[in-house]
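Next come the structures, one after another.
Both of the next two complexes hold subunit A, though its partner changes from subunit B to subunit C.
And then the complex of A and B:
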């Protein structure tokens, strides 16, 4: 009875009690299913451990694994490039009107849901979409020469369109909080703006860029709507294959093996980031 | 005149071309959506719809139609997601901001985990586990899935909002004899309310827009707006898909334009700290 009383008056117990519901929610509804997915990737249907799910996954979907890596990596590189270009212009642009216009423009896709972005692009990039119609209207192509972009290019375009504002917002914020005096003095010494961006600004905001790009990488690995709606044919992305294994065959083993492969891919990216951080920290 | 030409117009030419292309890249897809939302007849190779009208809008807003049903579903689920999220995020945020918690940063990172792993395989297994508890295909199941996804924003923003409240005001209330609970409800919570409201709006939008989790956990009984959009688009009914997209777009873009008013700089600076 005495000890129970002491527990009631222990500050830390109360503090933990306040956080507990939130932690239990994440534990039961995310960490437990995540572990469940990893375990069932290595489980045979009749019980016991096996690599059969992975062998089957590689047999059927090795093309799609490669396709996913290429699409997501290419999109990440393009997102990084455009985000740096936007952030750089917002920081170094000399015309206040052009800067204001760009600032107003670039954020629009930020909170647009992926499924809406997919539907936008499904109409915009189609053979009869607004993009082709404007190219034809300007006389650059004949109507019969146009082609649909609803394949791997469509996925990349949609990812870049949707994710660039998020990374650009982070990057522009980091650039804005830099000490201006170094930039001004380099400018006074006659350095070009591109050189200032690459040699002075980028090294300082690199951690922010990398964090933004890793978060984008994970998001793109998680999105189901964009690959399903933009590119229905093979090869396609792993998210679509997982949904297909479940909806068509109820095949949890292979779906979870594919899931595990996608965890590994993001794990590799996170590992590269951490290793770089360690190396940078160790440098004098 | 030629001086003005050279100093004002010429430098604007590359800028205007680049900004114009950029504006087209941003607004082109949105314009195409608007065309489809009001097109009644449109097929290849016509560049613009052949007939315009509101027929599909009437179809969407028909009482007791599929679209109204899914709109209702979406809003009910989003409201309950906000209630559940706030009920667990407010105490957690308060404890993380005000109490001395061991492993505080580890706890904060735990809420980020759902954003740190590719989630499709996780939802597949959530659906499988929910099936065992009779939660698959129910509102409760969908609300729970949406709650986990919004939790990092709810907890992090609530923590930042409570951290931004001046401790001296709380101490003054305690010195005047107010109990801890009373101080919380009359001083701390009202002062943190703008930040909490921002997190509520954020969670509401996340729930409204959520597709993947609902796709696996909600089937076949819970159809939300994103699922209606998906089904319409896959059936080739671009009008219904575009109208549904517009309905989802308006709150998202509105939030983007007004987020700075909800999230004050003093709170924003503390997010993730």
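And then the complex of A and C:
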């Protein structure tokens, strides 16, 4: 009996030793900074607990909080739409050449960093940028009628352009792994391609879509370069405000409060995801 | 629901450079049950998919009641298919799966519910409508797949090895159920299978395919008792082959003696009495037979109208009621049952009555 306990004890020591490096890394690089910034968000400069940082954050930046939620949510919806359209065409497209070209093309933005994507969009979406030049060149608009897209629209366009391939990659993979005869059986009964996509394929790949969109939501919440480079005006996104509080004022309290608010937003999304996972897991 | 006739006329299909169907023609009568039988890679599933419209044909036509549907999409052919994997949608209940085709046809809610309930009770699925298909057993899923196809009241039912995922016991009963259902509804059915017995039990006529060509079309009795080629004979279980030298002599065939067998005069009369002879019967022949048609005789016996092969008992067993012997004949082994008790090493004659023999030219090019 004694030796059995000893073996058990030894095994626990060893298993702890094996996970320790990972645990320490997560603790030092993630849990500690997160806890520190959360604590700092609720701390007064002169010591003690306070909501002052949050009050100030809401006073100064409530428009930006709303702006961030709207921009990221809208982008997420559009990313979902385009990713499903791309995945759907790759799965159901009947022109093999078009499918091959799309398959080759759609992944390119994946390999371009956000800051480069933002720079590309600056030259593309500006008042005298490539997009307007093309429109003017084709005679659709006069030069005087053109406008710059370097505002909230530019951010949304950049986010969607950059993140759609990521979600499309996951979604197309999930769609391709479905039993092909499930699609054929619907086709055999007379379902159109759009109905097959909506009624047969989407319900089965929904978990993958949700995961892809949540990951994209979190990534977009944390991007600084895109709003800074494309939308140099107010309202802007919370990442820009955080950078500004720190760089201009050394005001870590408000910056951390804004960070905490971002964290709550992603937390809500993660909660939705987890709730769905639990519901699926609980299904008999 | 009533079946329509189906004509497949010279259909050719290739996948990239490989020709899978080399000009296949079949005429199916309304309400007929046809089995497409063949080993894997023979093109039977491709033929079914060409009929259903999932595979474009390179040449030839598919006609439904004289209506050319060669280029029609799968849903415009009055056909419904049951897939090998069932292809049920796991996010829908059994009733939703069965009713999906009706929903696509914009059948009113009350009528849809009535027809789904009717189909489910026809298939013995009462009370399972609200279950997700993932909660059903293999046999029940198979019925749901069948119900989904039948609910839209197709004129032609296409079955792509629908029984291959069921265990042997259930398969036996489902065979008869499907056949009974098809007769009750009087729909035309095309059934793909590699299982000989399944094809025999279910089909009115069997189409045996070999490397993209039709080897033979006929009733189960036809293809079993009168195979027209060495391939069909072997495929239908007459897979023991012995070489013979023979000469045609009016209504009979004179077989010369060899080390392996005695000489014999075999009837080649049509019907149940004679051997099944393809070709002239002169020269080198390949004789096919089924082990179960053989019986044991004394080596010196020469029963009239039968061929006697010389063999030696190399193993005996008693499975009950009858002895089972492994007989060695010229290096090949045959299993033969006989009520007489024999010992290992005994020389015996294997007696094959003329009607159990299928005789083909040894070199098929001489067949014509």
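Convention: the second predicted complex is superposed on the first by the 255 of 284 C-alpha atoms of A that agree within 3 Å, B and C clash if a C-alpha of one lies under 4 Å from a C-alpha of the other, contacts with A are read in each partner's own complex, and residues count from 1 in each chain.
The definition used in the following text is that contacts are C-beta pairs under 8 Å (C-beta built on N, C-alpha and C of every residue); 3 or more make two chains touch, one makes a residue touch a chain.
The shown structure was predicted, so the numbers you read here are calculated from the model rather than taken from an experiment.
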**Asked** Here subunit A is shared; do subunit B and subunit C fit on it together or clash?
**Response** fit
**Message:** In this superposition, which partner touches a larger number of subunit A residues, subunit B or subunit C?
**Reply:** B
**Asked** At the CA centre of subunit A, how far apart in angle are the CA centres of subunit B and subunit C, to the nearest 10 degrees?
**Response** 90
**Prompt:** Touching A:182, do we find subunit B (first), subunit C (second), both, or neither?
**Reply:** second
**Message:** According to the stated criteria, A:190 is in contact with first (subunit B), second (subunit C), both, or neither; which is it?
**Reply:** second
**Message:** Tell me the contact category for A:12 with respect to subunit B and subunit C: first, second, both or neither.
**Reply:** first
**Message:** According to the stated criteria, A:95 is in contact with first (subunit B), second (subunit C), both, or neither; which is it?
**Reply:** first
**Request:** Check whether A:200 is in contact with subunit B, with subunit C, with both or with neither, and answer first, second, both or neither.
**Result:** second
**Prompt:** By how many Å are the closest C-alpha atoms of subunit B and subunit C apart after the superposition?
**Reply:** 12
**Request:** Could you please specify the touching residues of subunit A with respect to subunit C in the complex?
**Result:** 179, 181-182, 184-191, 195, 200, 203-204, 284
**Complete:** Per the touch rule, the subunit B residues reaching subunit A in their complex are 11, 15, 19, 22-33, 35-36, 43-47, 87-89, 91-92, 94-96, 99-102, 107, 110-111, 113-126, 128-129, 144-145, 147-148, 151, 155, 205, 209, 211-212, 215-216, 226, 229-230, 233-234, 238, 241-242, 245, 248-249, 252-253, 255-256
**Asked** Considering the complex alone, what residue numbers of subunit C touch subunit A?
**Response** 52, 54, 73-75, 79-81, 83-85, 87-91, 100-101, 104-105, 135, 148, 152
**Asked** Can you list the subunit A residues touching subunit B in their complex?
**Response** 11-12, 14-16, 18-19, 21-23, 25-26, 29-34, 36-37, 40, 95, 98, 101-102, 105-124, 127-131, 133-134, 136-137, 143, 161, 215, 218-219, 221-225, 228-229, 238-239, 242-243, 246, 252, 255-256, 258-260, 262-263, 265-266, 270
